[in-house]
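Next, two complexes with chain A in common: one pairs it with chain B, the other with chain C.
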Partner chain A sequence: MSTFVIGFYTILIAASAGLAYFKQDRWFMMIFSLTLISFITGIIGGAQALRSIAIFVALLAAAAGVSYTFKEFLIRIASPNVAKELRTAPLTAAFGMFVIFTYAIAGIFAPIIAPFGEAEVISSAFAPADANMLLGADQLGRDIFSRIIFGARNSVGIALMATMLAFISGALAGLLAAVKGGWFDQLMGRLADVIMSIPSLIFSLLMLSIFGTNMTVIVIVVAIIYSPRVFRLTRAVAGNIVVMDYVEAAKLRGEGDWYLVRREILPNSTAPLVAEFGLEFCFVFLLIAGLSFLGLGIQPPTADWGSMVRENATLISFGDITPLIPAAAIALLTVAVNFVVDWMLFRSSGLKEQ
Partner chain B sequence: MSKFRKSDVLLDIKDLQIQGYSNETWIDIIKGVDLTLHRGEVLGLIGESGAGKSTIGAAAMGYARDGTRISGGTIEFDGIELTTATQSEKRALRGSRIAYVAQSAAASFNPAHKIIDQHTEAPVQYRLRKRLEAQEDAMELYERLRLPNPKEIGFRYPHQVSGGQLQRAMTAMAMSCRPDLIIFDEPTTALDVTTQIEVLAAIRDIVDQFNTAAIYITHDLAVVAQMADTIKVLLRGEEVEQASTEEMLENPQEDYTKSLWAVRSFKRPQKSRPTDGTLPIISVKNVDAAYPGGDKVLDDVSFDIYPGMTVAVVGESGSGKSTVARCITGLLPPSAGEVLYNGDVLPPKYTSRTRDQLRQAQMIYQMADTALNPKVKIHEIIGRPAAFYSGLKGTALKQRVDELLDLIELDPALFYNRYPPELSGGQKQRIGIARALAAEPDFIICDEVTSALDQLVAEGILKLLDRLQKELGLAYMFITHDLATVRSIADEVVVMQYGKVVEQGPKDEMFKPPHHPYTDLLLSSVPEMDPNWLTTVLEERGVDNIGEGADV
Partner chain C sequence: MGDLLTLVAKRLGYGLLTLLVVSILIFFAVELLPGDTAQAILGQSATPDTVAALREELGLNQPAYIRYFDWLFGAIRGDLGVSAIPPHQPVISVIGPRFTHTLFLAAYAAVIAVPVAISLGVIVALLRNTVFDRVANVLTLTSISSPEFFLGYILILIFAVKIPIFPALATVPTDVSFGELLYRTFLPALTLVLVVTAHMMRMTRAAIINLLASPYIEMARLKGVPPWKVIVKHALPNAWAPIINVVALNLAYLVTGVVLVEVVFVYPGVGQLLVDAVSKRNFPVVQAVSLIFAATFILLNLAADVGSILTNPRLRHPK
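Now for the complex of A and B:
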């Protein structure tokens, strides 16, 4: 038996014994179950399996540690009110915020961080990773690491713009429909029905082939596809608020629709809208990645995660994981945003106890 | 206590302490309350909201609501210690030996099932009766509770039955297993006075017939006086005093109890109409109204309100009181007739009224919670009408807001920058009044302003409204179903039923016979502090009459 295996079991058993002694029941159960599982996997898979378990646990611990310290850091730099809210955030939400923060830094400072330009050919096609290229080269000999960094700027930037456009148009229409009612409500509602009745992928493919595939068209088309969902949610939320007595009081005072929307309804509907924003962002992001994968999204040589998956797809048959890296970048961001949204939904739903 | 023997103790709570979780710490809600209940005894628990009445009621079943925990003391029900009993032991008690009747029967019945299905669930579950037997028994209970059509009513869905009948059906359901103890949590608070009396009579009879012990939770003293053998007064989680009903009513010991008893004493002199030819400030003339697609809700309604006077509009729910207010404010344009303001016709729809016309008719709402925007600071809520109508800005606006806060007896320094959810119910209602005053109106509609408040707080609001009327010469239209409020503050009374004005006139005439039969019914249904009141009224009306009155 190697020293690694002996060390591995010693640490696990010592940790479980210590936790049991100090009556940390939850942690003890977790660590000791892990010990039992590693007994079995150790017998079946040998030292290699134990090494994978150790790496996995170390990664998890590192992620938890980073999330925890990042949360504490945010609490210390935030204003007292925000800090109080942040204290309630679970570790998953802190992890999500940390990932979003990293992506934001990568996107904003892309030209400084990336060692090479996104369209720069620096070696032969599919060159393996070396000291110069952290993740190797793609099918044209461009550095994959640099392209992923630039991809953060392009993919996330476009998704963010499209989501914001969808939100501004959808929320505005929803709020006005709730306040005005009558024919305006009907008109907007039917318009939303029409858009939603067209399959979104076919609609976007059609629009992109008619108007060409530049950034503006992508943003507008995606915004049009997603604004009806925002419209429906906003109208439903605002519909519950419009019937409140304070809105009636404001109406009787003679306030205009814009004041009602801005001062009376919007402040009371921000929580579900913010949560929906996070959720929609994920969908928009995935749709744009999907469009790029089909070749109708962001056009080469602009780096984009969706098209990077497609361009390097052939490598997967050689057992290389390179095409999975941009895919993992997409997945990680989606998961991170959802963690943060979960926390916000929890806060806004008022399920504080238990 | 002489009526009950010591060996008959059914429920014995000692030094009960309950904590609630809020802002990440545990706060004491109930601070050591003792309670002893004998078989067949009815105990009235009274106190303001937040006194811990319902929490104690739930604890009597060994139950702590979400976010609360029983942190100390013992609860012994018929020899079983509930604080240490397991979930399954407690579950076996609930429904079969302890039953609960909630405040709102409409919200407590499952709307998807027929009443009788829900009624028979407990006896069948506990294998006390077979399904058909339970059904027969339900019909018998319905008959005893004087529900109309006892054989048939159980096969309806909850929404097909009126509120008072539903509350009685719920009492019948609580009786289905013949429990030893029933907890009534404000069973009549949500009902009209005329319906309340029937439910009270039914509950009292059935508790007597089966010799069931009961805890009756309410904030209405007159109601508890009819129901309870013993009364316990609570204040902020602590017992103030306990005595038998007669003793408590005649000779309360503590100051707090005395103040509760004195609450209905507020009266002010009645004013009469001006005789110098002043025009009424608001005059409703032959108004008909209907909601879109619905039947007529108002039928030929006319009355006048003179400057500086208070006109109370009374009637049961559904009588069209609030609809009249909606016609006056222009939210619901009348289908016929008109509303005059100082002799000028007001445009029927609020959107076509001028700012000055809108300013004149302000409203104060029943539910202060929904009447104030929770995300807007107090100074903006009050300041907005002042800025909107009078164009005040900067320091002038701040000064005006301070002035208004002083007027409603709230300290500007403390309340200027706070949000409505941080305030108590009474404070919120005061903010609502300040918002109406900020528009500098001559006329204010008060829509059930005190019905959601505790009696002491409501008293404070009424006094405030009265003071403001004297200082600012306001006219009020007071919509209410509470005749005690009418007695204390109104100058003139308008009685409405089924969208029609049944009777109207000065208050002193209205409260003196002869009355219109409906006014008479309303007046005689208001509970009085006399413990024998219910018995007397029932004798006067005759038992059969009650059942028919319930057939709404």
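Now for the complex of A and C:
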């Protein structure tokens, strides 16, 4: 029994006793079940397992603390109306916003933050980490840390562009289909059906094999693949608004289709559309990451998370986790966006459960 | 019963039509290539003679619509043309054995994932808004948000490098026993299981919660029906449709997810073949594999719709 193990159990048991005394039932149940779980893992895995539990709990607590303070910070700098909304945000949503904020900073200021250029060869291949290179070098001797920072700009940037293109074309087609109806609606609907009936990864691989792999092609192909989702949602949301009396009134006033879309329908359908934008971004981001991982997405020497995983994958068989960091960066951003979207969906009561 | 059959027939017809349109799209997309297909495959340095030979080989001297019908009827008979890369094997003999491997992997994952996901989904729905539900929500969300290759490499790191109990690469020699095969492909199957289970759990949870909120369940509870009977007699008949939908949608999702997982584990399936063919611009193979994937995807979606029509009590017992 080392001092660490004794300290570990003392803190847990003291914490659960304290919580039970002050009748914090939910927290007590959580902390005490953690104590029971650590008894079992401690017997099986020894001090090493307890240490990983402690690290995990500490990370969780740190994340919660950061999210809470970031939320309070946002509430203080936001206007009163926005602040009122922000107060209802759960901790997960605050965490999501913090992560998105961090990525945005990393992406925008990449050349200032990164110690080396994204294609700069500074040492030998797979050199281990030292004072100069935080995470070591990749297969060509470039600094992995700098490339991860630049990846925030390239991978997220291209996904954002594709999402915006998909969103604008899909939403425009959906709004027009709802307003015009008739053959245009039918044609667009069937077109969306066909595109959605081909698996997205397969469709993009087919297109990339034909048009070659460059950024423009990727953005356009991915936008075409994901615009039908936006189209269907917009069509459904706008379809409910078009039948409202005030739209009827505007039509009788003699307003054109464009006016109806811009002034009557769009302002009333923003909430679900904004949430859909977040979800759409996740799909697009994961698809492009997958393509890059297959070596068919963003091409070298541009730093990109998906291709970085592929290039350094050999390190994994030596037990090195560096190649997993870019993959984790992808997962973290997607989770963060999902957390924020969950909150927004709940707020706009689209998914409110009893 | 007449109405039901018409509905199913309509849906089947619509599915076949979609498949036809998709086949047209896949075939004519390659026609969009700037210039000549044979030239594009061989590159700029090819001599006119070799280009002409390849044109002859691929039958490019005929008009596009004739080649389309040749290709389509060939595909129905199981003849998918010849590979554009020497030694010009028939595409079907390249795809055949690999497709069995892919189907095996997908089936392996499905057999584990479906029962686990549905039972967990129902449990989470019954325990909704508890700590257990919240934790499950965060975990499934993380699993869905992670790229397949991330999950795959984490599993390799833990179960093949740190604790070496499973092989990191899922190579499949021709003569291995079934048990050995299951052991060798365990990690790729587990990766797929993690992704698909998360999806299915969330969808099952949503479907069940939707159902339990409906007035007739409330009515059954109020008149004193025992809880298990509420689930079995009242909820389940209506739950089949959403559950079948969930399962079929996720099996369709497996078809796409399998590509990335095959590359991570160097598993000899169709996905790897597709990626390889795309980077070598081997169009006959790309077209054939795309058609097979698209057909599987459409058929599974079709099965989902037909299944939910057939199990819908309102349609089965019309007034």
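In the analysis below, the second predicted complex is superposed on the first by the 344 of 354 C-alpha atoms of A that agree within 3 Å, B and C clash if a C-alpha of one lies under 4 Å from a C-alpha of the other, contacts with A are read in each partner's own complex, and residues count from 1 in each chain.
Here is the rule we go by: a contact is a pair of C-beta atoms (placed from the backbone, for glycine too) under 8 Å apart; a residue touches a chain by one contact, two chains touch by 3 or more.
No experiment lies behind these values; they were computed from the predicted model shown.
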For this session: With everything superposed onto chain A, say whether chain B and chain C fit together or clash.
Result: fit
Exercise. For chain A, which side has the bigger count of touched residues, chain B or chain C?
Worked result: C
Exercise. Which partner does A:24 contact after superposing on A: first (chain B), second (chain C), both, neither?
Worked result: neither
For this session: Please indicate which partner A:35 is in contact with in the superposed arrangement: first for chain B, second for chain C, both, or neither.
Result: neither
For this session: Based on the superposed arrangement, let me know which partner A:263 touches: chain B (first), chain C (second), both, or neither?
Result: first
Exercise. Where does A:324 make contact in the superposed view: on chain B (first), on chain C (second), on both, or on neither?
Worked result: second
Exercise. Which partner does A:255 reach: the first (chain B), the second (chain C), both, or neither?
Worked result: first
For this session: Figure out whether A:244 sits in contact with chain B (first) or chain C (second), or with both, or with neither.
Result: first
For this session: With both complexes overlaid on chain A, what's the closest CA-to-CA approach of chain B to chain C, in Å?
Result: 5
For this session: Under the contact definition given at the top, report the residues of chain A touching chain B in one complex and chain C in the other.
Result: 353-354
Exercise. Considering the complex alone, what residue numbers of chain B touch chain A?
Worked result: 21, 66-67, 329-331, 350, 353, 355, 358, 361-363, 365, 367, 370-376, 384-385, 388-389, 435, 439
Problem set entry | Complex contacts: residues of chain A adjacent to chain C | 26, 29-30, 92, 193-194, 197-203, 205-211, 282, 286, 289-290, 293-296, 306, 309-310, 313, 316-319, 321, 323-324, 327-328, 330-331, 334-335, 338-339, 342, 353-354
For this session: Over in the complex, which chain A residues touch chain B? Could you list them?
Result: 244-246, 248-249, 251-255, 263-264, 267-268, 352-354
Exercise. Which part of chain C faces chain A closely enough to touch in the complex?
Worked result: 18, 21-22, 25-26, 29-30, 32-33, 128, 131, 138, 141-142, 144-150, 153-154, 156-157, 160-162, 168, 209, 213, 252, 255-256, 259-260, 263, 274-275, 277-279, 281, 283, 286-287, 289-290, 293-294, 297-298, 301
